[in-house]
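Presented sequentially are two complexes of chain A, the first with chain B as partner and the second with chain C.
What follows is the complex of A and B.
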């Protein structure tokens, strides 16, 4: 009884009471390149477009080597050609991904650059601009056709977010709380009108009764631009007043779940989609892309912040998808680069280092940074100071999670917990590892310099794999059982002397099949 | 681990390392220590120096035996801080040999037996203190009678009250003396003592004030949290107030009790040791309250004159339970 009540005490601790941001850090404002105009990166000779969908799915190509493609033509489901070009290869290339593994890509050669005198229209019979007419009202089909994708960093396809037709609120995320990234702020300064128009179009599409544009208080110019745009917006505002919500600058208030709570007070638990709670949350750049889609223009480029400790000319640049990091860096004047320069995709906290400068810009790349080699302080033992749990914005206990993650890694390495049922894995699940935003706040305050976030990322990957393996094993077991039932009924019908395979041999065959298919995949590359 | 790492170096955010944290705590100890040396006994400075030096040497030896990095570990300052706290907790006149026994117990039993920094379940300085007080009860309870401050007239009675053959006034801290003082008038019926005179006449409230200033500075610098000190002092004060209301004999005012003995040192510097304290917010409140309650109990009803040390050690025992109940389960212990 007492124990039950005390455990309730524990679970209450997890439910946030006020809509204010708990924890987090007030990091100094560092927004590079806002003093300059947005740099237009010219179309490069070669574009590399990964055939990788959200969540790492491999997409089937819809073109063949040698095909000529028009600007905006589909190369695969949800993947458009950024420019009129010729398909020169479909092959595995390194992509901008934390694991650094190659993935199948469509390689386009924009041969118009070879002959700048010839107008592009003469080189290609296809129209340079897709012939989509402007729409009175945005549709889901139009978003799909224009490949509108989340530009905040996760790259979630926007049409997939529209799971219901009626939502309570649209939240447009202009928080951009991470230091070093300014692409959204640069966009808000120059394209506030389009953002507001896109927000209204999306709000109408999901029949949202509220349309909230959220921005951090310290983005003064962008805030004024948005306010002015809202004031002058007349089209489509009947019965739906877009509202500007300013929040205190605090990292990581721009994280989707936290932002929704700050803006609407609606609490979206980890692992659930905002749409399930009647909220559609999109980035400001996504809202603008929706507006452009309504006008008939597909999403073929994005604004990328080019910065870092070794950047000679930090700026924000409009980059066609498929342009290599190296081309962006060259075009924006970040050269020469020292041999030991490290290239990073995304922010210092949310991003990851890329091994090759040849990887291509995709919708998820919000920042390209050139940095000196990474220096990390050697970590010392945890002194249980709880600074990490004090700053955790989702009320986790990083020091406890660290203990379980390390213990789980050890037991797994020693072969103790093969089926993923160890107490440490259970503790990680119970402790909310799945809720972790990987924001890095705990790393920033840890006096012992423990790489907490890296450990949690790794542990999450291990848990995902373990869960997938468990699901696979369960499916195999089910198939085997059904087969045995089938065989048994056949035996009763016609007695055929046939050995009934055991579960062990079925597993063995499943493994062999997987080996074969993997070998096939590798051979394809 | 090959997982991608955060680029912390390119974020402008001042991060305090363990060494910096311990360094700030040691800075905060300076005012209280100097007042201690000035008003009570300057030998405390020699004790601090000896204890810190001995602890560093001993820890270096242990680290060498355990084949660990010596320089980095010594530089984190944790053992120096613990030694400093131990030297403040023992009587200034303690023979050097006995102090060294305490330091050895602190380093070996208190810290490295469990695996060094971060893994010790008990506050190392209090382990050293506990070993000393059970090993050398006479020298460990022989405190100077108040150093340079003039003795209040009432002190004579107290001394009469004490055994004749002792050459120093006994008591872990003058708290014990205050207690005796309080009871004496009731016994011979000669009336109450002026509390104000009592406070100003003793050096201890001033020393406690020094530690309070250091502790408040640590709070302001966010080196320590408010929960543990507030819970310790709040519980201690409340219980003393209740006791004052209901006890038959006259009691010292609550403020006097809070500024007596090792209350401030314990609340701000000893109970807040992060390694051996509870880590969840509610667990910290409970932990602090437990220390306050046990200190009161040991002070009023225990055989030992000051209760902070045993209160801290006993509450250290409850930390895994407190952490578990407050949701911080699985914290490495």
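What follows is the complex of A and C.
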């Protein structure tokens, strides 16, 4: 009887629990700024928007220096002006990227008042539409026009995730599992309704039969807000019922592939896209951005957690894209800062230090941290304790990978086998280096303080370079072979052997010509 | 009695002859393999280590002819400037030869580069089209030519035939997409 009642109660539970995560770590809950309202960072005078797309490729600007741009106008493919402004420069500036290298940026000087309606009509030769009209149903084109981008940290353009029209499930990622970051939780507390509406719009867009909102158990206020939003969401569900799935708080359960497995049971192997397995996975903030896109509002700002060991007033702030880290820190009352503070973009585990506070907030910046200087323990040799393998959430053997990664990095540094195979590279492939999430769990438990994650990141880069060289060479070889075959079959038009002057002398002649023509031009002026 | 001994002897003799024939056949197959298929296999292995720029700086018309010459022992392993010392090392390991420095007369190792046609100067003579070993130049007589960036290997073979010297080589543009995490403990 009791058993039956228990079973009954179990089946009536509204939030099904999913099986737990293998490995991972139960890290102390550290969610800064949730006791405060979200701070609105005012629009700064200068906005710096990097002309850098997902994956680091450079974007071609669609505006020129001196142009006036409206709020939401395209500056480049997938890059919108965060406010009505004038383009004052297109130049290399430091950006929030682990390379710590300047990249081409569009520099905007904003109008004194950001009121797109009245002042713009007077200043623009023709009225530019600041926003798009609302839509009944979300479309892929609308997501592109509104520059909806993944706001979870990787910045993958959301329209590019919609590779098919029919997917099994939409998974909305509210499992913000990394300590120190609370921007998603803050958003879920205040905008749960918009998140659910956006999730439904996206689920309908990909004809998903399941719409799952996944959240960690310990986010109590956010969980209740989402549950209430789901209960009140009645219009436009079209028989699709959003479901809240709670998971145990454990790092790194918010990693896309792990989350999909936890929520749906579908395994997405490393190197493959969730879409290939019929799953669309988006962050809660991205779902909300999709909802705003349907209403005609482009994605021009995001919520950023401002925290860190040296932060005086940790908070979550809504920041227009292009605002410098320094302006955010000023607006949220983190100054004055000591000279020895270190500025970090992203979480303590997944983020990276930035050299300048002039770098600007982009869609990938989920946290700005002012930290004390780094004191890293010197690393010692591996003692084969296997703590790293116990904790690895994707069941790798980090100590074995480390051995091969170091050996491969040495051979790569010495330049051996730019093409062709090496035993270590093969071992890394077999050992699942491609599955590594770079979550940093192994670093945290390593008693010898070995920089495992950094080594794996580097090894993956070496591997990617090798693969690219292979692909380039294979392509050239193929083109050359096809050409040879073609020439061999066309016997009637045998190429006439002509003495060919050497490239060196021709290059010299070309240079001389250029020098002459340049001298002529200078003379004309 | 003697008939059985005779039969046994005959059988043993036949067996020996059969085995002998089989071995001879195998030997011939091995010879054929060494001369033909086996050589082709080694040539493929060597060719896989070459950078496939098809630049002909080695004195052979392409990477595969150079690979064949290497397998036949007709050429040294120091003739591939685009591959640099890395290729010399890889070839030395594969072919069991001593590592030697690159022959400087074959040219210098350069950073990855790409050909660019000065479109204002191009007269549309189409002379560079047959020079390109990978068909990376688009154009037709009296029409402007251009280089397909992704296909160009930067071999410089189109430079010499141009009568108006409108083709130059530029370092291949790099972006943050080419950036990789540095080795731990180094700054890159």
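What we mean here is this: the second predicted complex is superposed on the first by the 435 of 525 C-alpha atoms of A that agree within 3 Å, B and C clash if a C-alpha of one lies under 4 Å from a C-alpha of the other, contacts with A are read in each partner's own complex, and residues count from 1 in each chain.
Operating definition for what follows: a residue touches a chain if its C-beta (ideal position, glycine included) is under 8 Å from a C-beta of that chain, and two chains touch if they have at least 3 such contacts.
These numbers were taken from a predicted model, which means no experiment stands behind them.
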item	value
Partner chain(s) touched by A:394 [first = chain B, second = chain C, both, neither]	neither
Touching partner for A:48 - first (chain B), second (chain C), both, neither	neither
Chain B versus chain C as contact partner of A:255, first or second or both or neither	neither
Contacts of A:455 with chain B and chain C, given as first, second, both or neither	both
Touching partner for A:309 - first (chain B), second (chain C), both, neither	first
Which superposed partner A:98 touches (first chain B, second chain C, both, neither)	both
Overlapping contact positions on chain A, where the chain C interface meets the chain B interface	98, 451, 454-455, 457-458, 461
Footprint of chain A on chain B - complex, ascending	1, 3-13, 15-18, 20-21, 72-73, 76, 78, 116-119, 225, 274-275, 277, 279-280, 282, 325-332
Touch list for chain A against partner chain C, complex	52, 55-58, 97-99, 101, 103, 409, 413-420, 451, 454-455, 457-458, 460-462, 464-465, 469, 472-477, 479-480, 482-484, 495, 500-503, 505-507, 509-510, 513
Chain C residues within the chain A interface of the complex	47-54, 62-63, 83-87, 89-90, 93-94, 130-131, 133-136, 151, 153, 156-157, 159-162, 165-169, 173, 175-185
Residues of chain A defined as touching chain B within the complex	6, 9-10, 13-14, 25, 27-28, 30, 98, 179-180, 308-309, 344, 348-349, 351-353, 369, 371, 374-378, 380-386, 389-390, 397, 399-400, 403-404, 424, 427, 431, 440, 443-449, 451, 453-455, 457-458, 461
